[in-house]
Structures are given as structure tokens and as C-alpha cells.
Amino acid sequence: MHPADVMIKVMASQIKDGEVFLHGLASPMPALAMFLAKLTHAPNMVYLAVAEGIDPDPEKFKLYPSSADPRHAAGCIGIGELAEAFDLAAKGKVDGMFLGGAQIDKHANINLTCIGSYDKPKVKLPGGAAAAYLSPIVKKLILWTTNHSKRTFVEKLDFKTGIGYEKGKDKKVVVVSNMAVFEAEESGLRLISVHPGFSIDDVLSEMSFEPIIDGYATTQPPSDEEMKIIQKLDPENVRYLEFKK
Amino acid sequence: MHPADVMIKVMASQIKDGEVFLHGLASPMPALAMFLAKLTHAPNMVYLAVAEGIDPDPEKFKLYPSSADPRHAAGCIGIGELAEAFDLAAKGKVDGMFLGGAQIDKHANINLTCIGSYDKPKVKLPGGAAAAYLSPIVKKLILWTTNHSKRTFVEKLDFKTGIGYEKGKDKKVVVVSNMAVFEAEESGLRLISVHPGFSIDDVLSEMSFEPIIDGYATTQPPSDEEMKIIQKLDPENVRYLEFKK
Amino acid sequence: MKDKLVDLDAAVDLVGSGDTLTFSGVSMVRKPMAFIAKLIQSGKKDFTIVDREPGMDFDILIAAGCVKCARAAMVGFELFGLAPNVRRAVQEGEIQFIEETCGAVVNGLRAGAMGLPFLPVKGIIGTDLVELHEKLGNWKIINDPFGGGEIVAVKAIVPDVAVIHVQKADRCGNASLEGSRFEDVYKAKAAKKLIITAEEIVPTDYFKENPEKNTIPYCYTTAVVHVPKGAYPTACPNYYPPDYEEVLRYLKMCREGKVKEYIDEFIRRW
Amino acid sequence: MKDKLVDLDAAVDLVGSGDTLTFSGVSMVRKPMAFIAKLIQSGKKDFTIVDREPGMDFDILIAAGCVKCARAAMVGFELFGLAPNVRRAVQEGEIQFIEETCGAVVNGLRAGAMGLPFLPVKGIIGTDLVELHEKLGNWKIINDPFGGGEIVAVKAIVPDVAVIHVQKADRCGNASLEGSRFEDVYKAKAAKKLIITAEEIVPTDYFKENPEKNTIPYCYTTAVVHVPKGAYPTACPNYYPPDYEEVLRYLKMCREGKVKEYIDEFIRRW
């Protein structure tokens, strides 16, 4: 099974029925996860996205390379400006947001800005998008990376673009990599599960810091039924593109 | 000739072609003045109003007692939320606004709030509407009163709801009463013209302060052509209702 | 999306005595009169009511003794004169009245809708309204942090309940405002609870076919009520104009001391 | 209403070297590519360009050497990878890059649209972006005047020119955005000059019959240009999707050092 599909299932399982979720650009897996949730356990989830269709019709959906592709809004019930999603977030009414992370530290803080210094970057990354704005104000932050490696899971970020764990806040931070699932807590990143096909050694040898390990599960992959849903939404396997880099 | 029609003509003459004008509630004369200007010398005036139709079609217009009557937006080219007009004003892009004044002082400051004290008013007036917000930020303020009297033109306002003359600002303040026209300047209210049918004594004996007098004209009443326009826009003479109180 | 269609009584149950309420519309346009009738009938009271430029909605609620505090930039009946019950209640000290100015109440509602603690607002400084609102804690003169000088900050207005009368809604609470919107979208998004009353209940497909017409999506909505003529005697654009004769009859009865009679009739209308 | 219909060259004349510009759309959707082609051709330069999440518009303008400073929350080609010319120019210190965050750039544009000197914006505090923007004078941490604690104030963004590609406009500058609007209405209202490029020129009656569809009324508009496929290869909703193959061809040519060739072709396209 492709790790994308395992990751999508993990992301979907973070969404509870009735919750408001948002995804931004460059987010094929979050988009599929939101639909998977809506078509299974969370039919009343509110679907907000960068293409600005509120609750697009999954029957009409097909995944394209740009998350803002207007066809992603097909069959929606309204236009929801991204500004409106941000306002909802400011009111504490966006339950969850998905963000990538080029670098992730043990507190689940993220860097999406630059490798090296800001002023003279070795690599200028695409940028944090809504990370700095949304990461402190949503209730569930789901970070993902398709590159589980020491370069991603770093001791120290080159730039702090988004905020992970925050003590005393009603905020859950989950990290989904192509190998494992973590959840941030005060003392660090707790390993929750390892994806089928990977060993604990695979996971640990590719991190620059030690996660908290205190028993962990095997990540639940999508069922056959769920795989059918994912494949129907993404018949051309756009979701795997992210892994080719 | 009814003073309403003279006042409408005076108000219309304040509007230059291409300017952006706004009227609020309880504003039959300003509405007619804006149309009169648009149909004569100011075809490119931008018409904004509390009924939220941008540039309603004068051919489809008929005046009703509430300025917000949805029929007042007939044939408009867009919906302009009043909030949008306020934003335009904040950017300095609303050229003119019409406001009433229960009390007007010699600086053309106005009271629309209360007679007596705010906490224990003798008369609680309808309120200032947009006066406090707009009066300091528009370029032309056109105040009107249908009750030219000592109770209106007062030495001292019971409450300062709106601001008239402001030194050093690009701001013209014109006061149009049922008897005369004034313009505010640093040292007071200058008499510009007296309406046909009224004498200078009529005007002065009904004011609690002395306006500046230094030559004045007779107010130009609407021409026959202009009267036809006014009557076509207001066949039921709603504009005279304001004078019955 | 869940079914949120209820009757007026169930919608009124969402309101508590002492709540801060705001209503759709201005003056004689799109005021949720049916809801207000049932609210009066419920016996709930001590409301704070806030709006830009209300009319009969405020006047009749105050006449019925339901209001503790009213906050608006203007209340009246335009050419038909002052709001008789507002005037009397304020002059007799029966209610507190907070005079707003349009720009400030609009930006206060927009701050509420945007989830911001406050918004700046231009103008106003130099009027007597500033002292009043600073004392009440609604406004504060601050310095523009970018050097533009003094400006009024208006605190976000977050009503407990907004009641918005619309032309069309579906059972789930997607709602379409046609024509003038006033501040109704901001009110809807600022309030903690949102009650939609609608001339027509349309199938959700109406919004799927016209997503741009969904001016208030369901995720804001607490309850939807189907109330044809629910704004009467105020107007509902594309449905009916204001009934000026009826408004004049109300004012006449108020002047004749018969407001209680009018209210009895008004309550029975829906 | 006056006729404001001009050709692309006349619209480009409204822009001056050194201006701050903003463009409609995000990523591969509704970017005013035809205008950008003519802008490159004009030889004007030293632009500051500001947007939420641009893509090829920023990348090709930077490739053409027209840009002094770029300000955005994200620039890239999503699954197709980093923006090659942005990346190179920033890494080589050729341009200044100011990283935004979506909520702040949106509220900065809204402040501009509302005529306010600044807007507050939640979140952000605790990230490394704060120091960067405080130094540049774009943001300042202030205290909520109503006791809510620290909050970021973002200075109004007032571009010299906004270029907004829409589906439909009339000759006078009334414009209709269909489907996703992004921040385009705010950009249009914030800018000192507004250039509309449109897939279709419709008669003004189109707006009289559908006033709700007039998302940008003429009073904001400086000039209108009729440019079918004016957003190509990015999408224009209801007209055409993104041409992913063409975007990939651009990226391939950039990687192969043939960006100048692509630009020559791009300029000749309109």
C-alpha cells in the first residue's frame, strides 16, 4: 500500500463529525482525507478549502494538481472566501487545519520559510502560507510530511514559521509522516503508531531527535471500501505526485 | 413654489459631475436632488444610498416615504452595502453627504441626538445616524432643515452629534433651510442666498445668532424643466411630508 | 448538513432573558417582525438590542417592556416621525439608550464577524459621542501604531442572538439575501446564535445551482424558521414593499394610547 | 458612467516603474497573465509585488527582471515544485522577499479596502515572522485597547495598481467575479488604480438585470481591457481550467535555462 493512502486514512480519522476543517494549497492528501471522512464517519463535517467551495460534492470531485483548481469546488453549496475561513478561525470555529512542514521540531513547531538564514537562504522554500496565522488559533493542527528524514525532523528549526504544541491550550497537534504518526505533548513528540511496512528502527533512524516512546500501535491503513473511495476521488493518482520529489 | 423644490434645486447644484454622493434614511429631498443633478448637469455622478442600489434608474424611480424602500433601488447597476459607502468615505472618496440638523450652530455643527441633556432628555431625537462618522471625513457636507427657526439655529448645541466647519480641511459645509442658503466659514455662517418669497428679515428674525452678511443673492429656484423632473420622480409629493410636522 | 427547520416558538426558545439581540434590516425593510411578535409573547425581557438604524422592531419591543438597553445610530419612522415608544421610554428613564454612529456600529459588527477584538473607525473624534462611549467601554481613542495619529477603536459587537429575515433559505440554514443586505451578513457572522426566518424554504439544490446566492452558509445557522410575510409590515425585497398604511396605523394607535391593543393583535398575526 | 475600455498597452501605461502592484487570483487560478506579459514587454521595472499565494505571475515577472521586492505568504507551483525564478532571485539576493502569512496579508488588504490605517490580526505571535515585519514597519504588536492582551496590528496595504482578471465586465468597469473570489474584491478596493481585464465584455444591462453579480462596481475602476483567455495558462472559472501541461512546460524550460525563450513567446501570445 502506498504511504499516501495510509496518511490519508490517518488524516481522515482526525476529523470528527460536525467539525469544521480547512485545507490550503498544495494539499492533495488533506483534500482526500476530508472527503474520506465526509463519506464515512463525518457526514456533517464542514468542508472549507482554498478553492473556496463550501462542501463540494464528492460525487463530482476529481483531484487535480492545484488545490485551488476551480473544478475542486464542483457541486458546492456556497462560495466561502478563504478570508471567511480565516475569520471563522479567529472566532475559534475552525476545528482543524492541515499544514506541511519542511522542518519539524520536537514541539511540532514548523519551518516552511527557508533552509539556512532568512536573509541569505540556502533554499528559499515556498513559504508558510497560513501557518503563522492559523497554527496558534485552530484546535487541531495536522502536520504532514512525505519526507520522514533527519532533514525534516530537526533539533532546531532554521526559521519558526508555525507553532506546534502550546501548553494550556485546547489544541491537538498530530504529525503524520510517510512512516509514522506522532502527537505533540509538553515533553516532546509522542510516537502513536508506525505505518505498515516500516519498523520502529526505520522511524527512529531518520529523526534528529528522540520521540517519546511508550508503547505504540501499527497505523490502521484504509479498508478496501475506503481505498475505493480514495481511488474514485483521485483516479489519476495525483496524490502520489508529492512523493516523487 | 414650495420651499422643498427650491431646497432640492440648491442641493442638486452642490453636486458636480463625476462626484460620489450618498444619502441616508429620511432623505426624500437629497434623493431627489441627486437624481435632478444626474438628469441635468451631473450625468456621471455616482449615486449611493441607504437602499443600497448603486445608480438606480431614474426612469424607474418613484419616491416613497422610507428612503430604504427597496423600490428605490430599481434599475440599479449593483448592490452597494452602506458599509461599502462608509469605506469609500474613509478613503476620502465620498464627495458629498446630506445630513439633517435639529440644532445647527454658527459653525454648522449639528445636534441630532437630544433636546436637553443626554441622560435626561426633554426630547429624545431619532439620533445622528452617520453624522458623527461622516461629517469629519466627507468633502462636502450639505445640511438641511425644514424648520428655519431660533430653535434650529442655536447659539449652543445641546449635544454635538456632527461636525461642521473644520479649519484647514478640504471640506465645504452648506446649510440649506426652507428660507435660505448658508455656507460655513471660520468666523461663522455666511448667508449665500434667500429663497424667493422670503425676506432677509424673515431669515434673521428666526435665528439665535447672526450670520455673516456681505451681499447675498436670491436663491435660484428650479426651472420649469427641472420642476417636471422633480414631479416625475415624486408624483405623490412625498417630499412635502417633511414640512407637515 | 443537519435539518435545522423549527417553528417560531422553538426559535424563540433559543433566546434568554437578558440576551443581547440584533435584527436584520433597517427602518421599514426586512425587520424580523414575526419573530419579534413571538418574542414579545414569550414574556422574555431585559434585552439589550443593538442595530444601525432600526424602526418598528425596536419601538414595539420597547413598548412591550422587553428592553433594558437599546443601542443604535438612529431609531425612528423617517417621514412619519419619531419612534413614540423609544422616545417615551428614554425620556422617562425606563430604558438606557446608547446612541451609536453608523460607521462605528458597522465596524463593531464587522469586528465581531471577523473574530477580532476591535476595529479602528475614522471620523467621530470631536463629537460628544466619544465621551459617552469611552465611559461605557465601547470605544477608545488610540494612536494608530503606524503614525497616523488618533483614531477611534470600536470594541467588537458580539450579540448573543442575531435574527435575520431572508428571502430564501434551505432546511439546513443556507440563506440568501436578495437586494440590499445592510449589515445582515456581518450580524449573522458576529452573533453567538443565528436564527434565520425565511419567506421561502428552498431545496438545497437551489444553492448548489447558485452558490454565489448563498450569502449566509449553514455553518453559521442555529435554526431556520419558515415565515411567509415574516417581515410584515416592513418590506421584504422581491416579495413585498413596506405597508406604509399599517405602519401609520401602528403610530396612530400608539398616539392614541392603544399600543397594548396593537401588540395583542400583532402577536396573534403569526 | 464613462467608457473605460482600453487595450492592454493603454492599461500598462497606467503603471509606473517602482509601483507596488497586486494581482488577482491564487496559484494557478485567475492570474492576469496577459497583462503581465504586456507589462514585461513595456520594460517597466523595480516593482514591489504583493499577494497572498501567487505562482507563475510572480515567478515570470521576477524571471524577467521587473521586480525589486516580492511580498507573499507562499509562492510556488504546488505539486510541481518550487517557483524556480523566485527561488533563484531570493537565494542570489537579487530581490528582497518578504514572507507574509495569509491572515495578515488578507487583513492588510482589507484595511486598505476599508480605508483604515491598520487592522488587528490574531495568531502569528510566537513565530519568527513578527520580528521580520516589525523591522520593516508592516506589523506592530499592540495591546488590545479593551483588555484582550497582545495582538498584531497589520498596516493597510494600499497598492498603486491592482490588476484583476474577471469573467465579465462592461465597458464602464462594472465587473463580475464568478466562483472563487479570493481577496480580489479587497485588492480592487484597496488599490489607488484598478485595472480590470475580462474574458467577456457584457452590456451594462447584464448588471442591471443581476445587480448582485456586480462584485466590483465601476466607481473603483480606472480601465477595462477585453482579454479572452487573459489568465492563461492559469484558470478562469466557468471559462477554462489551468493548463497544467503548459505550466509544466514553463517549469521545464526554466530548469533548462530557457526562461528567456519562454518569456519571448509569452509576450507574443497576446
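All chains are identified by letter, namely A, B, C and D, in their written order; residue positions are counted from 1 within each chain.
The working rule: contacts are C-beta pairs under 8 Å (C-beta built on N, C-alpha and C of every residue); 3 or more make two chains touch, one makes a residue touch a chain.
Keep in mind that this is a model prediction, so the values were computed, not measured.
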(request) Could you work out which chain's C-alpha centre is the most distant one from the centre of subunit C? (result) A
(request) Indicate the whole-number Å distance between the mean C-alpha point of subunit A and the mean C-alpha point of subunit C. (result) 40
(message) Could you work out how far the Cα centre of subunit A sits from that of subunit B, in whole Å?
(response) 57
(request) For subunit B and subunit C, let me know how many angstrom lie between their CA-based centres, rounded off. (result) 27
(message) Quick check on subunit B: which residues sit in contact with 2+ other chains?
(response) 53, 73, 79, 89-90
(request) Among the residues of subunit C, pick out those that touch two or more other chains and give their numbers. (result) 114-116, 121-122, 179, 211-212
(message) Quick check of your reading of the touch definition: is the inter-chain graph here a line, ring, star, complete or other?
(response) other
(message) Can you work out from the touch definition every pair of chains that touches here?
(response) A-C, A-D, B-C, B-D, C-D
(message) With touch defined as at the start, can you tell me which subunit A residues reach subunit C in the complex?
(response) 20, 44, 46, 53-55, 57, 73, 75-80, 84, 87-93
(request) Using the touch definition up top, name the residues of subunit C that touch subunit A in the complex. (result) 1-2, 113-116, 174, 189, 204, 207-208, 211-212, 214, 217-219
(message) Could you list, by residue number, the parts of subunit B that touch subunit C in their complex?
(response) 24-26, 28, 50-53, 64-71, 73, 79, 81-83, 86, 89-90, 112-113, 118, 120-137, 159-163, 238, 241-242, 245
(request) State the interface residues of subunit C toward subunit B in the complex, per the touch definition above. (result) 26-29, 52-53, 72-76, 78-83, 86-87, 90-91, 93, 97, 99-104, 106, 110, 121-129, 132, 179-183, 186, 235, 237-238, 241-242, 244
(request) Going by the contact rule at the top, pick out the subunit D residues touching subunit C in the complex. (result) 107, 115-122, 137, 140, 142, 144-146, 148, 151, 153, 155, 178-179, 211-213
